[in-house]
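Multiple structures follow.
Next come two complexes built around chain A: one with chain B, the other with chain C.
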Partner chain A sequence: MAEIQVSPIKQMEYRASKISDVVSLAQGIPSFDTPEVIKDNVKAAMDADLVARYSLPQGLPELRDMISQKLAQDHMFYDSETEIIVTCGAIEALSATFQSILNHGDEVVLVSPSYASYPELIKVAGGKPIFADLVENEGWRLDVTAIEKKISRKTKALLICNPNNPTGTIFTKQDLTSIAELALQNGLFLVLDEVYKDFVYGEEPFYFLAQEKKYRQNIIRIFSLSKSYAMTGWRIAYLHSAAENIVEILKVHDSLVTCAPVVSQYGAYTALQRGDGAVKEFTQVYNRRRNLMCHRLDKMEKYLTYQTPGASYFILPKVLVRQGSDSWKFCINLLEQAKVALVPGVAFGPSGEGHVRISFGRSDDDINLAFDRMEKFFEYL
Partner chain B sequence: MAEIQVSPIKQMEYRASKISDVVSLAQGIPSFDTPEVIKDNVKAAMDADLVARYSLPQGLPELRDMISQKLAQDHMFYDSETEIIVTCGAIEALSATFQSILNHGDEVVLVSPSYASYPELIKVAGGKPIFADLVENEGWRLDVTAIEKKISRKTKALLICNPNNPTGTIFTKQDLTSIAELALQNGLFLVLDEVYKDFVYGEEPFYFLAQEKKYRQNIIRIFSLSKSYAMTGWRIAYLHSAAENIVEILKVHDSLVTCAPVVSQYGAYTALQRGDGAVKEFTQVYNRRRNLMCHRLDKMEKYLTYQTPGASYFILPKVLVRQGSDSWKFCINLLEQAKVALVPGVAFGPSGEGHVRISFGRSDDDINLAFDRMEKFFEYL
Partner chain C sequence: MRRILAKFLVFYLKVCAKAYLRRNQPAVIAVTGTTNVYDTKQQIVSMLDQGYKVRTSKKNYSAKFGVPASILNVRLGGDSAVKWVKICAQSFVRGFFIKSKIQILILELALKWQTDMNYLLSIVKPDIAVITNVIPSTLVDYKSTDNLASEYLKLANAVPARGLVLLNAHDERLAKRPVSKGTVIYYGIEAGDIQASDVKQTSEGMSFVYQGQKVTLPRFGKYAVLAFLAGSQIKSFFDKYGVKKK
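Now for the complex of A and B:
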């Protein structure tokens, strides 16, 4: 296991926590507290002696029913009894999935740049991550041909984060369909991580590939409550797929965590039932912060260029000064000299190098303070 | 992954949940609610906006400090910064440990009978479980020679549950020391699962092998808040070991769950700080129920013999009637005909066959009702 590492995002947060007066736009932590309505109902569940004991490994039946109903609103039809597992966050959902579907040495094709923890959890599952680059100058477009070229006899799955962390890209229906066809034709699993699907800033409704019956056996879709409902600390998410996949993933999930924390399952139930207002409110604020960040970035065009994110609360600008070519070194300099924590782009795959990830999940004040400091930092380089 | 299965304990609970009016002494669920003092402090943490966000992967610093202090009370000295990880239950602690220390094909020697999920999580980690039998007619004694014989060139770790689930055995200091010496001499990890260490019914204080400095590099010790503080639903536990082991396990833990649920971490903090009274109270009640159960078993000596458990809330009687030789079939008959759910002994390893596990974690009423039904069941066999 020497080849795997603690997520660079957390390494950066840990370094930042050791320096006073740092402003961090690093880890993707919502600035908001969990909505009161969720906390109130969790307290009621605690009072009613509902949280002390294990749930079934797949989760509370009423929560799975609620998930099934919410999925149906987006035209995804999954049976609450046999096709849904409540998990201890999206990371556990992904780990249980890959530990279930991968044999030792199997390959998973994923895009670069994409979420930093993917390669690590694929490696822990005994698999090998294979990167296919996104097309940066076309708004970090999915390159279906590049993905197809990476498929080998050892490939077991494709992994797509949509909207994509760290680029904030919403992949097009057409490109997603091409990827699904690749999965179908090659007998591959298509793992879809859609944890940012609620933070979408355009007019176009988000397209859910998991609504297509044709790909039901291939698709394993993951959604987390963490971002949409400001619940990262609660470790609560779910996955859904065809029953024959779920029965296998459930065994691994059971042996990883027994069940998701029950207190958080009650939180998730209320979030799905009554949290829509909070999600809308958060989305409006994040959109405003996105515009603020783009405005601040526009003023730094000598130093940073960027593709406008259509979703999520991340942006991945390219660093134009020579120091930025080693993004780890650059971020450590920025942290130590300007007391601003960002995540080095190389954390997100080979083609992330030369970039930095900035989160606009944090407060306006933090964003403005970080950019004030960065402007000075670049001027004195 | 087809060779692994959902825990038979949960399979039995699931079957039981589909039949009305079943009394279950199957899964090890405490009959108590989580103590009020713990719930009150969790609510306060929620009100103070402390639970919404991720903690560091290794857990909240104040919780790790508290764990370090509690360990020191039992003469186990571990640094809160580098030698402790807060986990999502003992199962996640075990999975992170084995996924960190095992390479594909490595062997883990464990005793039979022992906890049902061990073989599964070892297999998920790419390892192979190798059983060494306990000596039933000497009170399920550890057989050091039997364990030694199972050690091969492929052995990477020994796994001991002490007190042992499902037999309730407290292993002796002498036998534990012999096992530790085996680990030391053969360069093996010794994984100690001590989640039942608080429910001990004799006068003798519980002996912690992890207090011996000599074995620090070998021992990885796991403790869960689930049983002692009636918190199974919260999914909260911790592990500790020498720093060089922790740094590797932390990477896997990070990629499995990011961090333990923060709401549960606040619960754990209060449990360790102020839960001693509750633990004492639970232990007294479980001891009384143990005596009740032994009393009921004594009246059924024609059908069941047992070794008196010194700890935990489990007992593993041998079934003397011919039907009991297939413990799965026997338990399903008992469930369907007498509406009593127990766990088939074969779930706990080859030498568990011919036995059933009965939990006295449940209420007196449930215990009496289950035994009334079982008496009739055996009489009409």
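Now for the complex of A and C:
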């Protein structure tokens, strides 16, 4: 357990919480509150004494039915009875997945940079994270050859976050299919974390690899309601896969948490049933903030360079000044001197070093204030 | 104020929906159950819309607002007062003036509170009722799952003598034949009056044999098969008897 660390994102938020007048663009918390319609329905359920009991470990049947309907809208066909589990956030979904599929010493190939908690989740399950770098100067695209080279006898799974946190990249259908073929040919699980799939800013519709029936046995797909419906505190997500994989993951999920909080399952049900309008509204606002952030970054081109994110609410600029080569130290200095909290790029894997992750999930005012401060900070460097 | 307005709108939509049904007299198929209601309804729609003029619930419209809105073919207005004014006008015109060509209405009925089924049955009198299953649920305000089953069975009991009741043969709580005047048929996988046999899940979906024919569906799980059986039986029913006016 000595190898396991608290996520650098949370470490940075914790440090920031001790500083007065700090502006945090660190943790991926939406600036919005949970939509009223969700809260109202949950309140009604609480008033009717409906939320105090456990649900089935895999979740409320009606919620899984609703999830199955939503998946079908995106041409992903999964049986609500045997192929879906409602979990305590995406983290628990990932944890239960890795604990069910990994034996001690098994390897999981994941891209770098990618979400900071993945390596720890793999280690908790006794596995070993193996990084394959994304190609930064081509918009942080997937390098299928690099991933293939990392596959060894010990590899059990590939892990892809799409759209990717922290780069905001939407991986192409062609690259994703190549990765799925690698999984199929090598008998590997392909774990897909698609929690940012709703915040896509281009015209092109998001491609769901899980709609391809050919890869059903390999793919374990995870979606969280935290970001899309501004429900980070509710800790609610789901995963789906072929029934034989779900049987194994369910054993771990049951032993870890019994079931996802029923009150949050009510919230999730309403969100999926009636939350589409809110998602659309959030996406428009995030798109505007993305443009604002790119505009502010353009004005700092001497110090920061970036690839425009196509999705999510993160951007991962490269720090061009010498002090940025140690991103952890750089972020600490920025926090202490300019009172701006960002996440050091090294938190997201080796190729994240020299970068910082900035969230545009926060308000316009926060973004502007943080950039005003950063401009001054860089001038004095 | 908001509650009073909501009550008024529920009442107003009900009046307009009843007027629509009285004037146009479409055949009504009502699907209820704890899960798989939407998929079953969609399966029925896909089987009937080749030969008949059908309309079904928009999205998951299935409760006090949703059922009359589906009957009147209006989209609910959320929090927008302007939209609600428009909906009220549309509902009035559709309920009392416009003649519809729709032959069959396929509705989803969802229960959450104990009075819901009685209320919904005060709007619609189904010609065909489908009950997909009864599963223990904390999402509804019923004291026991048996009570919930009794509520679902009210739908079956509302079907007239010339009508049809389709019940999931695998559900113990539906096994006691309802006192419906309509023809009661149980559907299931190697169980019930109409059956699918040799059911297999392949990488492409479900495959099975129904009435001597091999069927493949691009869906997964036993409920996909059950939805197909319900849809097939309803299609056969209308093909045989036609869509009779009341």
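We adopt the following convention: the second predicted complex is superposed on the first by the 381 of 381 C-alpha atoms of A that agree within 3 Å, B and C clash if a C-alpha of one lies under 4 Å from a C-alpha of the other, contacts with A are read in each partner's own complex, and residues count from 1 in each chain.
Simple rule for what comes next: a residue touches a chain if its C-beta (ideal position, glycine included) is under 8 Å from a C-beta of that chain, and two chains touch if they have at least 3 such contacts.
A quick note: this is a predicted structure, and the numbers were derived from the prediction, not measured.
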When the two structures are overlaid on chain A, which partner does A:153 contact: first (chain B), second (chain C), both, or neither?
neither
Which holds for A:53: it touches chain B only (first), chain C only (second), both, or neither?
both
Mind working out whether A:81 is in touch with chain B, chain C, both or neither, as first, second, both or neither?
second
Looking at chain A, does chain B or chain C touch a larger number of its residues?
B
Touched partner set for A:322, first chain B, second chain C, both or neither:
neither
Could you look at A:34 and tell me whether it touches chain B, chain C, both or neither (first, second, both, neither)?
first
Based on the superposed arrangement, let me know which partner A:18 touches: chain B (first), chain C (second), both, or neither?
neither
Looking at the overlay, does A:10 come into contact with chain B only (first), chain C only (second), both, or neither?
first
Once chain A of both complexes is superposed, is A:262 in touch with chain B (first), chain C (second), both, or neither?
both
Could you list which residues of chain A make contact with chain B in one structure and with chain C in the other?
51, 53, 55, 262
Note which residues of chain C are touching chain A in the complex, please.
34-39, 60, 78, 113, 135-141, 201, 203-205, 218-224
Contact residues on chain B for chain A in the complex?
1-2, 4-7, 10, 13-14, 17, 27, 29-30, 32-34, 39, 42-43, 46-47, 49, 51-57, 88-89, 91-92, 95, 99-101, 104, 117, 120-121, 124, 126, 230-236, 248, 250-252, 254-264
Contact set on chain A toward chain C in their complex
45, 48, 50-51, 53, 55, 60-66, 68-69, 72, 77-83, 213-214, 216-217, 243, 262, 266, 269, 273, 277
